[in-house]
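Naming follows writing order (A, B and C), and every chain is counted from residue 1.
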Amino acid sequence: MEDKSKFPVKKVLFICSKATLESVYACFIMANGARMEGIESEIFFTFFGLEAIQKNKLDHLHVATVGNPAMHMPTMIGGLPGMEALATKMMKSKMEKLDIPPVGEFLEIMVASGVKIWACKLAMEMFDLKREDLIDDVEDILTVGDFYGRAEGQGTQIIFI
Amino acid sequence: MEDKSKFPVKKVLFICSKATLESVYACFIMANGARMEGIESEIFFTFFGLEAIQKNKLDHLHVATVGNPAMHMPTMIGGLPGMEALATKMMKSKMEKLDIPPVGEFLEIMVASGVKIWACKLAMEMFDLKREDLIDDVEDILTVGDFYGRAEGQGTQIIFI
Amino acid sequence: MEDKSKFPVKKVLFICSKATLESVYACFIMANGARMEGIESEIFFTFFGLEAIQKNKLDHLHVATVGNPAMHMPTMIGGLPGMEALATKMMKSKMEKLDIPPVGEFLEIMVASGVKIWACKLAMEMFDLKREDLIDDVEDILTVGDFYGRAEGQGTQIIFI
């Protein structure tokens, strides 16, 4: 039988495509967890996921309360003004209790521990974003082609979130 | 030209992160389909996906009717009390006709055929869940680091759903 | 140190499972971008994603305005009749400015450049679809088992969208 430990995960390359707080946290927790295991870890922010690295937006991400049956709120209530804010506040306070930092601070910690942060060129054009709209920690702006280049190497996993 | 059949998919490792019935079924159908091909298959339940292995919740998952344009319902109607229940009932009856079992039974079948079921430690803490809240078939509770350990080996694919 | 360039991404196999315009475009842009790099590229359409290859639906996909906090619309407004249509129109006009073709034309371009298009057998049965409901460019209808067969070979990445 093959010795699996000879083929560990060496690199994870996340595509962060959504702006919901739960998606962004799922991505950050997995990317950070990989670094803690000594695995190379990079995040490519695209489409709505770009909000998580926009200076003026990253602290204002929300939990999706409608279209998310797990919230166990009747949709009409989930859609009431204030419910999304409430769910978001609850998630943030829960994260704080578990010592999980807010988005901006989480990004800093990840970058300090070696997670590489990329932005998608096409999505930037789609949303009329400039380099200065993004946090300084963004390593570079990549085309889709560049992205596939980042996925080279044995033991690499691309994970779309 | 390379002989591709020398490098088959040997293992699929799913991350089940959402509680919508359509996400959970997509995950189960792919995980089960892999086992039927002799491929190793494991599911790591995290975030809202944990509901699919919670004793008191797994039979009450819903289809998302809002935030899902494929439902072809105007959003105001999709949000009316009862519409989500109706869409859920329709999906369940359709699944039954195709001989696809309900969530609880599907889990049992998968485990019997060798699919391994894991729960995410951090998400359990986030939702204040205890081991006894989960179905007995859960193999163990894993950290994100443990999860990456499960992905070792050639021909492994991590699939985030 | 390992020479990563010896292990490039050779094939990407997308699972297109949702019908929102933003999901479908994310999938198409990545699949097409792969071909442009000489990478093999295939898309397996399943669940609601099947709408993107249904003759009578592919030109009517919508952006999700509710359940998508990135729209920055209060949910009650996002749910108003017309808002989804408006967001969809805005996205389509933005895509046009960036020279990104509409869904039907994008499919033709991809197929012409060698992207393979597959439909999921089980999902077709779920939605009572026949072969003639799908665009002619669909290569074949596959079981989940067949799908894993398509993922054979070194340097293959399965990406679930």
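The rule we apply is simple: a contact is a pair of C-beta atoms (placed from the backbone, for glycine too) under 8 Å apart; a residue touches a chain by one contact, two chains touch by 3 or more.
Computed from a predicted structure; not experimentally measured.
When the CA atoms of chain A are superposed on chain B, the rotation angle comes to 120 degrees (nearest 5). Two copies of one chain, chain B and chain C, form a contact in which under half of the residue numbers belong to both partners. In whole angstrom, the spacing between the mean C-alpha positions of chain B and chain C is 21. Within chain B, residues 64, 66-68, 79, 157, 160 each touch two or more of the remaining chains.
Chain C contributes residues 2, 4-5, 7-9, 12, 22, 26, 29-30, 33-34, 36-37, 39, 64, 66-70, 74-76, 79, 94-95, 98, 157, 159-161 to its touches with chain A in the complex.
The touching residues of chain A, when paired with chain C in their complex, are 15, 17-21, 46-48, 51, 61-68, 78-81, 83-84, 122, 125-126, 143-145, 147-149, 151-154, 156-158, 160.
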